[in-house]
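In what follows, a single structure is set out as structure tokens and then discussed.
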Amino acid sequence: MNVYYVPVLLYLILIVLMMSAIVFLSSLIGKKPLTDIQKIPYECGLDPAGPKEAYVPIKFYVIAMLFIVFDIEVVFFYPWLVVYRDLGVVGFVEMIIFFAILLIGLFYVIKKGALKWE
Amino acid sequence: MSDTLIFVIISLIKSVVVVALLLLGVAIGVYLERRILGFIHLRYGPNRCGPFGILQTIADGIKLFFKQDITLPVTERTLYVVAPIIAGVTALFPFVAIPFADKVLPDAINLFGRTIDLTQYSMNRGVIADLPGGILFILAVSSLSVYGVLLAGWTSDNKYSFLGGVRVTSQMLSYELFLGVSIMGVLMVTGSIRMTEIVEAQKHMWNIVYQPVGFILYMIAGFAEACRTPFDLIECENELGSGFNTEYSSMKFALFYLAEYIHIITISAIAVTLFLGGWQGPWLPSGLWFIIKVACLFVFFIWVRGTYPRVRFDQLMSLGWKYLFPIAMANLIVTGVCVLIS
Amino acid sequence: MRKEIIKLNVGPQHPSTHGVLRLLVELEGEVVVSCDPDIGYLHRGIEKLMENRTYHRSIPLTERVDYLAGAANSLGYILAVERLLGIEEIPPRARYIRVIVAELTRIASHLFWLATHGHDLGAMTPLFYALRDREVIMDFFEKWAGKRLFPNMFRVGGVAKDFPDGMEQEIRKFAEELPEKMKDYETLLTKNPIWINRTKGVGVLSIDEVLDWGLSGPMARGSGLDFDIRKVDPYLGYDEFDFVVPLGKNGDTYDRYLIRLEEMRQSCRIILQALDRMPKGDIMIDDYKVAFPPKEKVVNGEYLIPHYLLVVKGFKTPKGEVFHHTEAPKGELAFYIVSDGSEHPYRVKIRTPSFVNLQVISKLAKGRLLSDLIALIGTIDIVLADVDR
Amino acid sequence: MGIEQSGGILVTTLEKVVNWARKYSVWPLTFGLACCAIEMICTAAARFDIARFGMEAYRPSPRQADMMIVAGTVTKKMLPAVLRLYEQMVDPKWVMVMGSCATSGGVFRSYAVVQGIDKYLPVDVYVPGCPPTPDALLYGVTKIHEKIMQDKWLTKKYEHIKFPEKVKS
Amino acid sequence: MDIKKYTEKILSALPKEAVKSVQEFRGQVSLIVESERIIDVLKLLRDRFGFRYLIDLTAVDHLPNEPRFEVVYHLWCHAEKRLIRVKTFAKGEPPTISSVVGLWSTANWHERECYDMFGIIFDGHPDLRRILLWEGFDGHPLRKDYPVEGRDEKRNN
């Protein structure tokens, strides 16, 4: 077990307890039955228009996928960074090639209009 | 055995101190924001509540605490209730790995006739957990803050909240990428991803000197991550009403409010640690230096809020992907070349 | 196939609908698929109320039509009534007071527009700066008429009260200083890249569209249509003033923003010219059948009886119908009065600029993002009482 | 009175502290109806600066607002929305009526205008005027403060307003 | 060109039977047009004489008279800087007249308002429903037989 993470756990427990306690206590104090109108979602003072379900356009998923792809690629940099001074020129050149591939991918995506909105 | 116990006790004390300071920081921060915005707008700002209005945030807090708490009969009730807690927790969490002072305890203490070495596991330092992969941990944890907002927006059964939730996701997708790349230059210069080592490497010169572009990029990403003007898209009053927190009242709403300000403090703190020399500074105690630097960046956040309009959400996206990400990459390459030459 | 469409009420209670406008918006993600304005949440029946009041007693009602530019509205009404009565000429001092007040109202209205438009797009500070300058105008009105928003001082045949001592100098000082102060807004907004990005290319209108949709005011001039009623159909002797009607090129939100700023500067010029030319003298015509006698003289019978009759019964107008349009801050404000010869108007139609300008929003918003919709509401510069009357 | 006697000093102190907090943190609902809204905005702006009382936090969502300023003419078309917004606000809540239109219909005695919102809402403070000056509104705010300080919320229960059958939305 | 000559010029171009009479009051000319020919007249004015700007469209209720509802159009010519008023009567029960939305998009809301306030049906209007008052409002308030203070309508929805 990595001892370094013990304080992390302790801290996490502390803040979770604290936040839950705040919400719990406040809801205990401020508990009142809701009226029927209070139960309706707020929408500028009127009945909500249209169906309750809301959909996310497919566009968002495309961007999310791209993000995941690029983010994972970017994560590869971290180990390289830490040992960068030891690797020297070879490490630099190798990473430049990786960079190039990544950037080509990015420009391809931009060119394809995957990031366009209107 | 007692070593472990002391370790636990020291960590707990540090945790409590950090949380207390953060909450105090939020209270002061909210007050500061209202006063400084007032100053920018040529008005007073709150000045009735206590001397100079310094009790304003306290009054707000007490009022919110005693306000009626609504729990709507939404479909995903558990998530709806848990969302503010998640928001609060994830906002507070990154601070576990941020060093806020140099040494807060002596190297060794004598307890019940035994000498305990406090240097192990950095117990004596001003950081709760001196993680070996500190910056990675912070990046990972601070990205989680999206979930609180997302869940709040998603489960509220309110279309304004829903749009806020969708926006926070897309906003995250835009800044997270170049946020990661923008700090890589620092890591490259320092050669470490441990927060304390990054700070100590800046003993002679702050990283901002080597990495000005990286700092600017990080701050832009920070504004986006903290959802502050000009990137306060998720709860911009003028478009989405109150955005993701529309259906929350009382302390649940207060937690979102709290999370927003803790976020600013966290981002300022990370920026200070990575670029502005952390707790390093002459004359004054290290913790004070840290607080001063963070406070300066906090004020900068407020200043920007008083100055800039808000960008559109597709503009943020194209800004992040088309401009700032390639710039961050280029910055990294240039840094690499410089490090190679030196 | 199921479409991912969200139906959304924007308004009537919404921070950026400038009142109680309700937009029924269909969104696909963030893109507006359709936008259907639902108005009437502030319909107060002013036209119907005016049919049952004497001509003078309608003046306060007209001021409340466009409450950001109250005096400009009553000016339009007064001019229409004067045209109906056939009053061609009023004392020059009254005329200049009317011009000055009308232009001050224009500045006040535009300042408020700037404040809210900037705030809609997230810029907080212009709101406070613009309102700070607007307060000065409100102070003038308070000093002159005792009321901040609605001076309610125009009467058929002149104005009810002269400017108090020293106010002319103060107005002159204000008109000279305002262009300087406006540099603050320019620094905050005009060259701000975020502002430019948010406003350029949003809500583009061509001249043909402007004519088709019957737009007027800055909405029309932003597209380059040279149409300012002060120039093309002068009233109050506007043709003697030297001012420029600013015209836009692209017809987008940014152009309209620049035009309104420029209009404020031109209004300052008009005010200064009017102050230079303003003579001393009467402020009311002395036809006591329609115009109020001076207040200090209303002690003896010669003046008391016409005053009493005017207040209680009002005056009769010739049978007929007139249409009079003025350039209100938001566009063309027209009063169409049908008279049947009695003390009450038979029918008053207020053609308000916001009502006409607003309906173009459903066209402009289509295919834009939700954030642009907010910018569009701001650039059309609506006042809901002006829309709904 | 029972709680006050048995709880004694603790309850009264708590009540006072919370009332003090509520007094300095009255967040109004972003809600303008007509002309009076302009003066309300002016009150929030630099000259009069309602922020001094901690009131600049205009909340667009009724769930977080404490006070509703009915600023302007309430028309019959708008009335259901006003009532719903009031009902959606959470306790404790206050209503301030600004201007003669909202108080009594004012100059608009016509087919479309509600002749006084107090038929439908429990009003705490009326601010007269057409429109009231910002000074008047601020005076109304101080009156609300007084009312909050006298609020015996620990010993009294709030009752929800009853909707008239016909306008129930 | 003074107003008389200009009016004559317009009249000579318009179909004779369409224009019933011409009125002039305070320098403003009103053409009173047969309601069947209103579209033709307006189209001619728009295309031939450059009255491309429909300032206003409204109605007047002459209660005891028959036909009762007068529909008034105000047109503006940008090139000549001239105003002209075209009036016609909406006949029938309910009063009906053809819509001019095809000529000017701006007429859309004006006609909806007239429908709302007077109950005049505009034939060919794409979306004729109440605009200022709510659906289900009983009556048309600007009609002369409607009381100012209303008939105590309440909005139920």
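Chains: A, B, C, D and E, in written order; residue numbering restarts at 1 for each.
Just so it is clear, contacts are C-beta pairs under 8 Å (C-beta built on N, C-alpha and C of every residue); 3 or more make two chains touch, one makes a residue touch a chain.
Predicted model only: the values in this text are computed from it and were never measured.
Common neighbours of subunit B and subunit D under the contact rule above are A, C.
Of all chains, the one whose CA centroid is most distant from that of subunit E is B. Across A-C and A-B, it is A-B that has more C-beta pairs touching.
With centres taken as mean Cα positions, subunit D sits 30 Å from subunit C.
Computed from the mean C-alpha positions, the centre of subunit A lies at a distance of 58 Å from the centre of subunit E. The centroid of the Cα atoms in subunit A and the matching centroid in subunit D are 40 Å apart.
Note on chain placement: the centre of subunit B and the centre of subunit C lie 47 Å apart, centres being C-alpha means. Annotation for subunit D: residues 30, 45-47, 60-61, 63, 77, 80-81, 85, 90-91, 109-112, 169 touch two or more other chains.
Touching of two or more other chains is recorded for residues 6-8, 12-15, 29-30, 40, 43, 45, 48-49, 127-129, 132, 369 of subunit C. For subunit A, residues that reach two or more other chains under the stated contact definition are 30, 32, 38, 42-46, 48, 54, 56, 60, 117-118. The complete set of chain-chain contacts reads A-B, A-C, A-D, B-C, B-D, C-D, C-E, D-E.
The part of subunit A that touches subunit C in the complex is made up of residues 43-46, 48-51, 54-60, 117-118. Contact residues of subunit C toward subunit A in the complex are 2, 4-14, 22, 24, 26, 28-31, 367-369.
Per the touch definition, subunit C reaches subunit E in the complex via residues 39-40, 43, 45, 47-49, 51-52, 83-84, 86, 211-215, 225, 227, 232-233, 320-323, 325, 332, 334, 336, 338, 346-347, 349, 351, 355-356, 359, 363, 388-389. Within the complex, the subunit B residues that touch subunit A are 7-8, 11-12, 14-16, 18-19, 64-73, 81, 84-85, 88-89, 92-93, 96-97, 121, 128-132, 136-137, 156-160, 162, 166, 169-170, 173, 176-177, 180-181, 184, 187-188, 191-193, 241, 246-247, 250-252, 254-255, 314, 317-318, 321-322, 325-326, 329, 332-333, 336-337, 339-340.
Against subunit D, in their complex, subunit B makes its touches with residues 34, 38, 41-49, 53, 55-56, 58-64, 66-70, 237, 241-242, 245-250, 253.
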